[in-house]
């Protein structure tokens, strides 16, 4: 057994990424790992390659526990690597120079020739006819070709024996023919001592090249299937339930059924032109959910709706306000107080004799402090004095105070504690009852129960539109995978 | 980038006042005419404050934003203003307008370069500074233009030990303080400097904010050019040269964050006085020009190093 | 583009004064390209890792003063000062990474320290440049004048260093994707320190050569080298994004910037316009660069 994980937990500040995960990775096997958002796949990979340490539980490699100095470079020298979706190549360097960076052992006179031969051999072995040469500059290659280089780089062993190569959505940038080549290559490894972990949402690929498939859900391993005996249906069944999303047990607030229909409310977002594809539309007072696997086009749509004046695909009743999910890089102004972080979009209302009146500003902030319980003793304190969840509440206050009829939300409850989440859900429901519309991208299945309608995204397009009342988890999974 | 080091910065500007007092005491100990020195310092401090305010606005926009054309803008605006006034008191108003307009135009040109050519501000303003200097050289070299007597007298008026000029500039600083802290435009600059993505998502028009700021900085340079010409009895090509370093030193020592988003107007006043008093003290003690340069450079570097964020050797 | 830009300047020059193509003519034309190309090479290394040295002009001037005033009287002190400068540059490079500082502001601060030192050592131009430097730089080798040999050598050495050594790869990689380099276990602080040390060294060499050619120690002699070196790197195909530099291009760029001044003189454009012309040229380079980059992207997208 190459790796054995038992009851591994990984806790972050406000979430549990791994929850008593038990999994074994055998020598020489190709193991598929599938799961929805938040299943714990990235966390698992990061623990295997030494980027993260588990909070508790045991991780054994070849029977022995991981050393305390286990790190990414240590893992690399032990022959354990991962290929992620974000490319780790230097675009201004050539392919062979990138090899040099990745394998410090390649040095001395003549390193270029040796490295060049090695990478060319591997690229041609896995992807015959790929057309990439070792001397090519990476930024001149297409996205698919860069992925070819990334994958080949991982399968190159300069100075150590390769034990485990983890591929995370490796075919996302590859065309059908090249993806096929990768699958064939992985199958050809059968019998060698190299293990491969294949993570993908494309279940057909997983079924084509793996020996076993582990299904992760909410941080645990809910079942490992023999690929020979598995099918799309059985995998999806393991991942999710046929129960109505509406009835999912949350930790408190149940979604209220809407009184009265919204079918006749005026449009707030209306697509124009291009019939024949599913496009988002939103009526006043609706909560529309954007679902599907993370990073499949939901955020891009939100940004397109936000730039509504430039966007020609939609007729939008503005103004529009945007609640970001990554509050540190897109939301908060770290030097400012809580009150100043709230008042950004309403300066006109706060003026007295041409200047902003701090009294009025603080009054607005106090109003929100009480109504959504921002836990602080004074709104004049710096925003960094608040917990993450409360900072997110400040962002909500900012956007809701603005009076915009349309509120776009980019996975806004990321990293927020459970109690605050409940408060946020209550707030959204209240506001929608007053006639505000929400377009809500969420990576958590649970949150979809608050939505009137749900659009499921896959690879940048909307594959399904589901009614909030009738959608099941299975429906969503079927369209996501 | 802003969180943990705030404590140092937020008190630095107070220290500039403390420092100024200490240096003044030192001057009083070694010189017979300490009060006269104070008056002279205050006059020159006015110019430091003006360029410091302008540069502070630009720096507040965020990392990478800086205006290196200030010294040359001072020269050109001085020339144009004085030429327009043509030593006649009746032309003072027009001359001032002309000088400020040229300053604004230079600012707009700077922003145009940055935006259209997508070039880092330091390169754009460096290049534009050279171009502005060329105009000064070509059109104005060798011309002797005296300021109108009324204007020259105005900048010399003293209210007790304090020059009127200083009081005026201090008043402008007070106005800028309110603009920065309590006007939408001021909030927009600060937001842009703290978190440009968040500012954009919060609905702030980044281009308008940046354009207005570079233009405003140009206007401040223009005002400096006009007043400096009047004060010095004429315009010289190298008039603005000293002001580049000091336009950066003043906000930094005064507690404005070099990474942007955190401007500090009261600190500008303290820092200007401190720098000037140090220069005078060094002068009285017989320190050379060179040492003055070195010292100011060292002080800036010290503050920048102190306000940076530590990264461990292994990360 | 770099070759083209040199030709654009050289051809009109030759047309106006055919005598420039003679041995002596070329020597005079290109003599000043030697120190400028050294400074431009230094700037190129800084820009390769996504930084900039705004003090290089001031440093070069300072070195002329050290060479002209300190070394003749006290060679040990002079050499110690030069060594100290390299050490300071090493520290700057390391601290830029360790403290997350902006190289613009740090090097602007340094520029005034260098100028302050220069003015203290040499308040007015003058000095006594060691004869050995002067003779070295007035050498007249066979076939082509000294500058041509020198520029060729610099371009070749620079290119080999950047593109054939593993350190060169790391330098360019750091400019292209610093995170990838760090995650592969390399120390960014060490890389940046070494690069800035190189910048300081090249600045020192530039100052020594400049002193030898002009036989003058002057605290302001190279004050426009900062602008010229940036323009030269960009003319040579470098960019601000970091990682994309060319040693050959930088040398050619330095030649172009050197020749421009002469061309303007031949065209009887008054020296008053020359300073501004450097600014115009930098802007023209930036516009062209923008064009080239955007069409290049369109082609490969």
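Per-chain numbering from 1; labels A, B and C assigned in written order.
Please note the rule applied: a residue touches a chain if its C-beta (ideal position, glycine included) is under 8 Å from a C-beta of that chain, and two chains touch if they have at least 3 such contacts.
Just so you know, these numbers come straight off a predicted model, no measurement behind them.
Enquirer: Quick one: which chains contact subunit B and subunit C both?
Expert: For subunit B paired with subunit C, the chains in contact with each are A, in label order.
Enquirer: Name the chain whose C-alpha centroid is most distant from the C-alpha centroid of subunit C.
Expert: Relative to subunit C, the chain whose C-alpha centre sits farthest away is A.
Enquirer: Take the average of all CA coordinates in subunit B, do the same for subunit C, and state the distance between these two points in whole angstrom.
Expert: Once rounded, the distance between the two centres reads 30 Å.
Enquirer: Based only on mean CA positions, could you tell me how far subunit A sits from subunit B in angstrom?
Expert: 46
Enquirer: Roughly how many whole angstrom separate the Cα centroids of subunit A and subunit C?
Expert: 46
Enquirer: Could you say which residues in subunit C touch two or more other chains, in rising order?
Expert: Residue numbers touching two or more other chains: none in subunit C.
Enquirer: Mind listing the subunit C positions that touch subunit A in their complex?
Expert: Residues 164, 166, 169-170, 172-173, 175-177, 179-181, 183-186, 243-244, 300 of subunit C touch subunit A in their complex.
Enquirer: Note which residues of subunit A are touching subunit C in the complex, please.
Expert: Residues 72-73, 76, 88-93, 97-98, 100-102, 104, 106-107, 111-112, 139-140, 142.
Enquirer: Taking the complex as given, what residues does subunit A use to touch subunit B?
Expert: Going through subunit A, the ones touching subunit B are 306, 319, 321-322, 324, 329-336, 340, 344-345, 347-348, 354-358, 384, 398.
Enquirer: Looking at the complex, which residues from subunit B come into contact with subunit A?
Expert: 2-3, 6, 178, 182-184, 187, 190-191, 194-195, 197-199, 201-204, 257, 261-262
Enquirer: Given the complex with subunit B, which residues does subunit C contribute to the contact?
Expert: Counting only subunit C, the residues touching subunit B are 52, 54, 95, 97-102, 104-106, 108-113, 115-121, 123, 182, 187, 189, 226-227, 230, 240, 270, 272-273, 275-280, 282-283, 286-287, 290.
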